[in-house]
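These are the structures, in structure tokens.
Across the two complexes that follow, subunit A remains constant while its partner is subunit B and subsequently subunit C.
Up next is the complex of A and B:
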């Protein structure tokens, strides 16, 4: 459920001047940036720490109990143990029990805790581009939970009459025309009380996030910051962009986003020296690649038969494996009665020769001459005599044990 | 160029999406379901996923009357969720509806691998509509209705 079209139509709104041309806007290249939810998650986590204000436990906490104010002489006072004064001074400067325990178990929080995180500029821009790209994919926006059944088109670009809106009622009308109302309504209906102690810090209510409307001067717009785009550190927020006439005038056919992030070929005009990062796979459609003609031509056919590991059986015990290894046994047992066997033995080597001539197989007979051994270590050297032997036989040394 | 392909979307979406329902523990005993409207078995897998596939089939009960809605997604309109679904409401007897489903899903070579799933869902929806006549319980976690 996800395709990217080269042209994006701008949704007309009521009250839009008919004279203004509402041609399709070519898609800025940012939206083809690689979608990296892992990068976005990392950057979002870091960036969302940056708006934190330091807070800590008071440094006097737990130390202002009445047990402190007993007043302590450095040396034990010369009072008899029986007197009440002695009991009174016995524990010097004892903190209250809970404070002591706390100091041992968890030191009090400090304001100089590292609240903010620095994130490299490049990776920040990568994350923003990634989040923008993801917001243009309907499946991902659906997966994040936005109600987009009635949105006419992704990427949602609306004509800039929307920017002149003053009243909430007209804003709602615009959302209706654009099909974003179910999402906004879901957000409104989702108001709930936040579980937990945050309520006490004035963050009592939580809502789902509805659509994010981006308008006006994009480079200045804070709305394209990552924390908005990827709220909840999920990429793909539903983003509604307005089609700013500023765009057409200054940059020709390149919409604003192109100038901000650059294209894959050109570097960005607004961000110095920044070029959009390319994805590892230009074409990530694996099934299409696998099934393409170029690949299928070269690929071996599917191996249907599965070779499984066979259990090794002992030939000495198992007749079938024995016969598989030595098929002659079968014949020996079944085909040769005793008399024949005796006859074969009697025939001797002559039978062998008749067998050879009968069977027409090539047998080379190589005769060797014995060469005197020069050394004493029981070695015998032989050399082939027949020179018509086609196979090259070297002199062989036979060792007797 | 620059089609966002199904497998890529699936990699992003399979672990975490708003339709994912995980129950019964954290490991092997866990069941994972997916509540998207165009997931026929409601199973969280690539083949059945309504998010990652260009062609998907939805079968839902429609409205107050006992009609069953069969909806398929149009491949060319992936970018326009408003006009993405091709809906048809069926109000016939079961066998005829089954034939319709088979025609759309299998014989058109739309998603023949989803045949059994489509028929199974048709049976389930049909049966639930019969129950609805006598007053169904309103449950949480209902799927989103497709189209208008």
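Up next is the complex of A and C:
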């Protein structure tokens, strides 16, 4: 994790020798291992199976009775009873009414069930490293439910005088000094009766898990047991580490964890050829990455306009879309070019006559003149009119003289 | 008081973001202005081209009439050159087809009944048509047919998608590199079977025509026999009117 405090202060205890300078201890790299709850869950589930003892039903269960079945119920079958097929086909095993242990009809459990699981060494170590790393993050430990309000610092390292403790009372005193008492008390108060049938197997009571105290001089296998570290297969158990001065190196690092797990650069001394696994993302702060200058320089502007599907309109019917596609048609439809229009006007009625004779179509305008006389004949006159295009009937005018 | 405080201490990230957005806004405005200018010049260009084509078509028609009249006057006949452009319509469904004819129809992009495509006339295509004659009807479309098909039922293939030709920009996007930037260019290219006919035709998605109003005569017979299949030359235009 990027945001990890590099130094860890060791909590001094009563009776601690002042000569040992314990101001700040560099964090071992294990605690920066990537936190992978999925890996831990898998490993924990597998490893917790390893302490199981085999159990099964008795092989005589259900058979220690003198009852007999009444036989197969007679049922019509396509296979004739005499044929060998009929003898071999087993009809559904119907337990007779007298068959006491109906459970025997399902196969009895066996002791050679696969109880234990083998987990790859690498994954196991990865899970332990993950669990350790999680125990150093206060928010995670809080989330798991530990009472850590009074704990001064995460990672919780205590001076090694804690290792010399013999009596419970002094142990409790140490917890008080370190602020871990509320958590221990919570564990003590949480004693309850286990629901379910496990009580019959002497697992009557259940407790919450308090802090896990890890001694500095105990080899890994017993101290940093994953099952302890990640009990309930949640990582982030409250872990109290003691600081072991005897293996203090020149730089003052907590050598135990480092030598056990190695650093990101060095491989571990205790575990042959094991190098701490790196996380997938070195810098997991996405918003920082996205808003960084390097990224923003290359980034394109936000596309805010949404292109929606527009309805296709038929240009043959819809003038607007037609003109959008072919602007020439606008002028063509509505006007003649200026010169032509002027020429037509200038030509006047004469043009009209030539048009008629050319096109051989009858174009005329009818005007009725009503003569105010007693005679009833109405004069019909054909008059030329101005027009731009030939039409069949131009105009009927009613004029009074 | 809160705003005063905020003014005093604006986080750097906010400042950066503002600056970035300003720059984007400027760039966008420039792009929009440039596009507007380009559109305006384009429009003029499209207008002049459309005008030119209109003249061209008119003169072609007049020329044809003139030649015919001339020949008639001399007592002979004017035989117009063989058509260069065909319009094919698939008139049969998809069931029970020989795989080879099926393949040819696929190559012609006629995968559905009453699909239509334009086709250039050459030995290769004519031979293909011969193979699929019972399944298609084809002929020589005139300007009105070509124009109406493209305007009403024209869709272009952009990015493998069937995009309606609602804007000249779409045509420009698809065929700009061949100098075809508007509907009229496209119509002209198809009509006159120009140098980029292949690209222009391929840009056009196969036309999905409606079933002909008034019906077909008899699909399983050749046109010549009173049916519908095969080459019906100029009468394809009448069919297109009914199917467009």
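For this structure, a couple of remarks:
Just so it is clear, the second predicted complex is superposed on the first by the 247 of 401 C-alpha atoms of A that agree within 3 Å, B and C clash if a C-alpha of one lies under 4 Å from a C-alpha of the other, contacts with A are read in each partner's own complex, and residues count from 1 in each chain.
The rule is simple: contacts are C-beta pairs under 8 Å (C-beta built on N, C-alpha and C of every residue); 3 or more make two chains touch, one makes a residue touch a chain.
The model shown is predicted, which means the values in this text are computed figures rather than measured ones.
In the superposition on chain A, A:301 contacts subunit C only, with no contact to subunit B.
By the touch criterion defined above, A:138 lies against subunit B but remains apart from subunit C after alignment on the C-alpha atoms of chain A.
Shared-chain residue A:62: touches no atom of subunit B or subunit C. Of the two partner chains placed around the shared chain by superposition, neither subunit B nor subunit C is touched by A:108. Contacts of A:329 after superposition: subunit C is touched, whereas subunit B is not reached. Once the two complexes are overlaid on the shared chain, A:291 sits against subunit C while remaining clear of subunit B. Of the two partner chains, subunit C is the only one touched by A:310; subunit B is not. The wider contact with subunit A, measured as residues touched, comes from B rather than the other of subunit B and subunit C.
No residue of subunit A contacts both subunit B in one complex and subunit C in the other. Within the complex formed with subunit C, the subunit A residues making contact are 291, 293, 296, 301-302, 310, 312-316, 321-322, 324-329, 332.
Chain contact summary for the complex, subunit A toward subunit B: residues 1-5, 32, 35, 37, 134, 137-140, 142-145, 147-155, 179, 234-235, 282-288. Those residues of subunit C that touch subunit A in the shared complex are 13, 16-17, 20, 24, 27-28, 43, 46-47, 50-51, 54, 148, 151-152, 164-168, 182-184. If you check the complex, the residues on subunit B that touch subunit A are 1-9, 12-13, 16-19, 36, 50-54, 56, 73, 78-84, 144, 146-148.
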